[in-house]
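Some structures to go through are shown next.
Two complexes come next, and they have one chain in common, subunit A, joined by subunit B in the first and subunit C in the second.
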Partner chain A sequence: MPSERRRRAGGHDEHATVVTATAVRLRVDPIACDAFGYCVELLPEIVGLDEWGFPVLDDTPVPPYLIDLAKRAVRDCPRRALLLERAPSSPG
Partner chain B sequence: MTVTETAPATVAGALPRLLAVWHETARTDLGAHLLVHGPMPFPGRGDSHFAERLLEAVRRSGLTGRGGAGFPSARKWDSVRRSRHPLLVVNAMEGEPASDKDRVLLSSAPHLVLDGAELAALAVGAREILVCVADDRPDGARAVQRALHERATAGLGRVRVRVLRPPGRYVSGEESALVSWIAGGSARPTFRKEKGVPLTVRHRPTLVHNAETLAHVALIARHGSDWFRAVGMLDAPGTSLVSTSGAVERPGVYEVELGTPVARILERAGLVAEVSGVLVGGYGGTWLAPELIDTAYAPGPLAAAGSAMGAGVLAAVPAFACGVAETARIVSYMAGQSAMQCGPCVFGLPSMAGDLARLAHGDGDRPTLARLRKRLDVVSGRGACRHPDGVIRLVRSALGVFAVDFAEHARRRPCQGSNRSPVLSVPRSAHDAVRATPARWRPR
Partner chain C sequence: MIATSSHLLWYTTRAIGVVALLLLTGTVVLGVLTSVRFGTTQWPRFALQDLHRRVSLLSMIFIALHVVTTVSDSYAPIGWVSAIVPFTSAYRRLWLGLGTVAVDLLLAVTISSLLRQRVGYRAWRALHWLAYASWPVALLHGIGTGTDPHLGWMVLLTIVCVAAVLASIGWRLVSGWPAKAGMRVGAGAGSVLVVIAMAAWAASGPLRPGWAARAGTPASLLGRSQSAPGASPATQAPSAPSPSQASPSSRSSTSTSLPAPPYRANLAGSVVRSVQSNGLEQVAMKAQTQGSLRAVLDMVILGNPGSLGGVVMQQSQASFGPPDVPSQYQGNIVRLDGSRILLALRDRTGGSLSLRVDVSIVSTRLTGQLASVTSGTGGFDDGN
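Showing the complex of A and B:
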């Protein structure tokens, strides 16, 4: 699995290192995203799709039971367009 | 910081301020500038507190950025002050077609902008100033070059200034696009992973200021923050440049006290007809309903009316024109001005423009209108820059202000005005041809 190899060999996966125990949310770099749709396949619960095939994310934290899948979506995105970032502690 | 003589421009309540030199002397040269405004204050030998004093004066003045975002200028300085070799960029790109204030300011008061840029550079420790004027706006660039030459001849100018000519497109004046171009990349907005971190050019933190903001800095440095606050509103002090167009006899740039009612500004420009709406801020701005035309022109009151100053545009659309058709045309132009980077913008804006065009021509029905509303919600907030959001804001406000017209159009009963030629003009840019097709799209 290429993503596994990259993770072990590099050890500095910039997208994955942000992940901590605190609440996180998914964000997409819309410039990098080319609508491959892997994230929607992996996380239909939290990633929507617009009529042109691009992912629609909201600002809500990723539920704990989906964190591992979210990490995988970040690693497996062919355009490296997904990132997990700390969700703001208080709204606003 | 002393004033050599009491020229009218130094009297606190007197207007215009930014355009005083041209107004009083009908000249734009260095001599006239010095006559009206006096010399630029600069740190004396061993004056180590100059930057602090200037920063404090700007902070107390309450000056906010005049480029659209309206961010407090002093806070912007704080973000780069302690870093090594920051760069100062003067943003006079003026990608907004309905705006003319950067050109007017650079042409009639270039020395005020350059003073302000030098002062800001001294305040944050920048040793280089880059003045960016779009390559399709030659007047402003020529005026700055001439002014720089005058300053060099007179032995003025303490910071190195270069004039750059980035491509003139709607989004190339966006802060991150401008910085990307300066750094050798394309003039397109970039994705910012973290917000609130200063942009950099080769690791040098880069401060981007609108030209008008810096001209205000030059006046605050001379006359102080109390002078600046003597006009305008308590929470929105000072003056601002407004580009008026549309149903006015004397379209052009006016310097107004913040808080002046929108109607009064338009009357000054010679409002000729009853309006069906006023476009506020620019082509990525909002429509203001005619019943709200007495709203004070300032961030707070405009926000309460669902609007914003944006790039300082007021375009009046007369009652005989069709608001649906005007909006459709602007959105179609804006779709063509996308940087073609983000899917939601690349596909979303043309689809909205298509819906609007169908409605404008009487080919659309209620499902078209419903689809348009849904697309506005879906695309909102999903670009790397605010370009799509500006368009969405415009269309949403149009749906409110021209609600009756939209309903009629959706019944395939377009109004009389939709056959007329539009009131608001959209430029035909030479750069448009390049972007006919999305650059990086592949079928799934």
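Showing the complex of A and C:
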């Protein structure tokens, strides 16, 4: 039912993400990330911390009830280092 | 009193400007706190950043209102072009233009932040540095062209704002990576120097008498005559605004705690000068009598600049009474000659009172003498 929504997260292709209502995951750009930690504060359920304060993410899809918070974390990331992208094993 | 409906926009502009300064200061402080990554369990970092964003949008709204009320004030010769293009205003070109510069800088900051997902991180960050420039420019604008900066509470507010921004910038400079230590020391020293320079400038310029004229407003001050006795300003009253109250009669029917004339007393008080949006200068004097006679005197003069540095009075209001009933007598100035002021006042029952006031004004301090006058001795022969 929820149709695929296209969202251009940036002007460049590497920032272009396709967000679906079901199967998305968060990815962190380790080069851009500066360990502000907003994503950990906003999404403690799925974002861990390493010993240096940088976020640790796994490949599991973002649960639907956290999608809005995940979008906010992407939007609020001071370094724009957080991306939402389609999970590779999305059933479609 | 002076706050009639035609001045409503002007008062609104001033009030909104003060609020905008406070909000902008809050925005800067919150932004710096965000950049030093301040956070507690009660105030996580993302919440502080969110607050920074919301306060910044609020300050932009107030700044927009400040511009709208300024431009739409029909008496002020400030157009929409001057709201966008700096230094195009005939009214206080420099100081108003600084406000326009601040608006333009903040627009760039705000728009780039609203489009942060599109403009790219580097461009956004570069533009965001302009926020540090916009704040002192806005402050200069407020001190340079504001009506109220010399008032005690406004001085206090300004000091609080400067201290808050300085403290937060200092925090930012000492926190973070020790790289570029020289640049940090330089930035800190530069900030302190800017503040010292601004304080010195404010003390020698806007907070001193005569600033309105030097700031680009064709107006000057009443109290000059004391400091330059040779050049007594042309301070004739071309028209009294309320002729019904100006009929000179010194028969007095005092009541309550004022003694019956004649009396005289020394005065001490304060003077507040401001420029109305229509270019008229307002000189508001409040004084209390010293000694056995206990009374308060309020005088407001509104007028155009005179050729010799005085105010050509167009309107005036005055009130006099015991401290409990400070406006027992009301009326206006019927003659203004240098530092000598003649008042024609009436109380509610129609009893009239004439006063001669000699004032000496130094900065915002007023001292002088007050004396009741009887008909024929007060120089009312050419009054209205």
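By definition in this document, the second predicted complex is superposed on the first by the 71 of 92 C-alpha atoms of A that agree within 3 Å, B and C clash if a C-alpha of one lies under 4 Å from a C-alpha of the other, contacts with A are read in each partner's own complex, and residues count from 1 in each chain.
In this text, contacts are C-beta pairs under 8 Å (C-beta built on N, C-alpha and C of every residue); 3 or more make two chains touch, one makes a residue touch a chain.
Keep in mind that this is a model prediction, so the values were computed, not measured.
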Note to self: Just checking: does A:80 make contact with subunit B only, subunit C only, both, or neither of them? Give me first, second, both or neither.
What the structure shows: second
Next item on the list: With the two complexes superposed on chain A, say which partner A:37 touches: subunit B (first), subunit C (second), both, or neither.
Entry: both
Next item on the list: Considering only the touch criterion stated at the top, classify A:50 as touching first (subunit B), second (subunit C), both, or neither.
Entry: first
Note to self: Just to be sure I read the superposition right, which of the two partners does A:29 touch: subunit B = first, subunit C = second, or both, or neither?
What the structure shows: first
Margin query: Let me check the overlay on chain A: which residues of subunit A are in contact with subunit B and also with subunit C?
Written below: 32, 36-37
Checklist line | Interfacial residue positions of subunit A with respect to subunit B in the complex | finding: 29-37, 50-54, 56, 83, 85
Notebook entry, point to check: Which bits of subunit C are touching subunit A when the two form their complex?
Noted result: 34, 37, 39, 44-46, 49-50, 116-121
Margin query: Using the touch definition from the top, list the residues of subunit A that touch subunit C in their complex.
Written below: 8-12, 32, 36-38, 41-42, 73, 75-76, 78-80
Next item on the list: Under the touch definition given earlier, write down the residues of subunit B that touch subunit A in their complex.
Entry: 189-191, 193, 341-345, 347-348, 351, 375, 378-379, 382-384, 440-442, 444
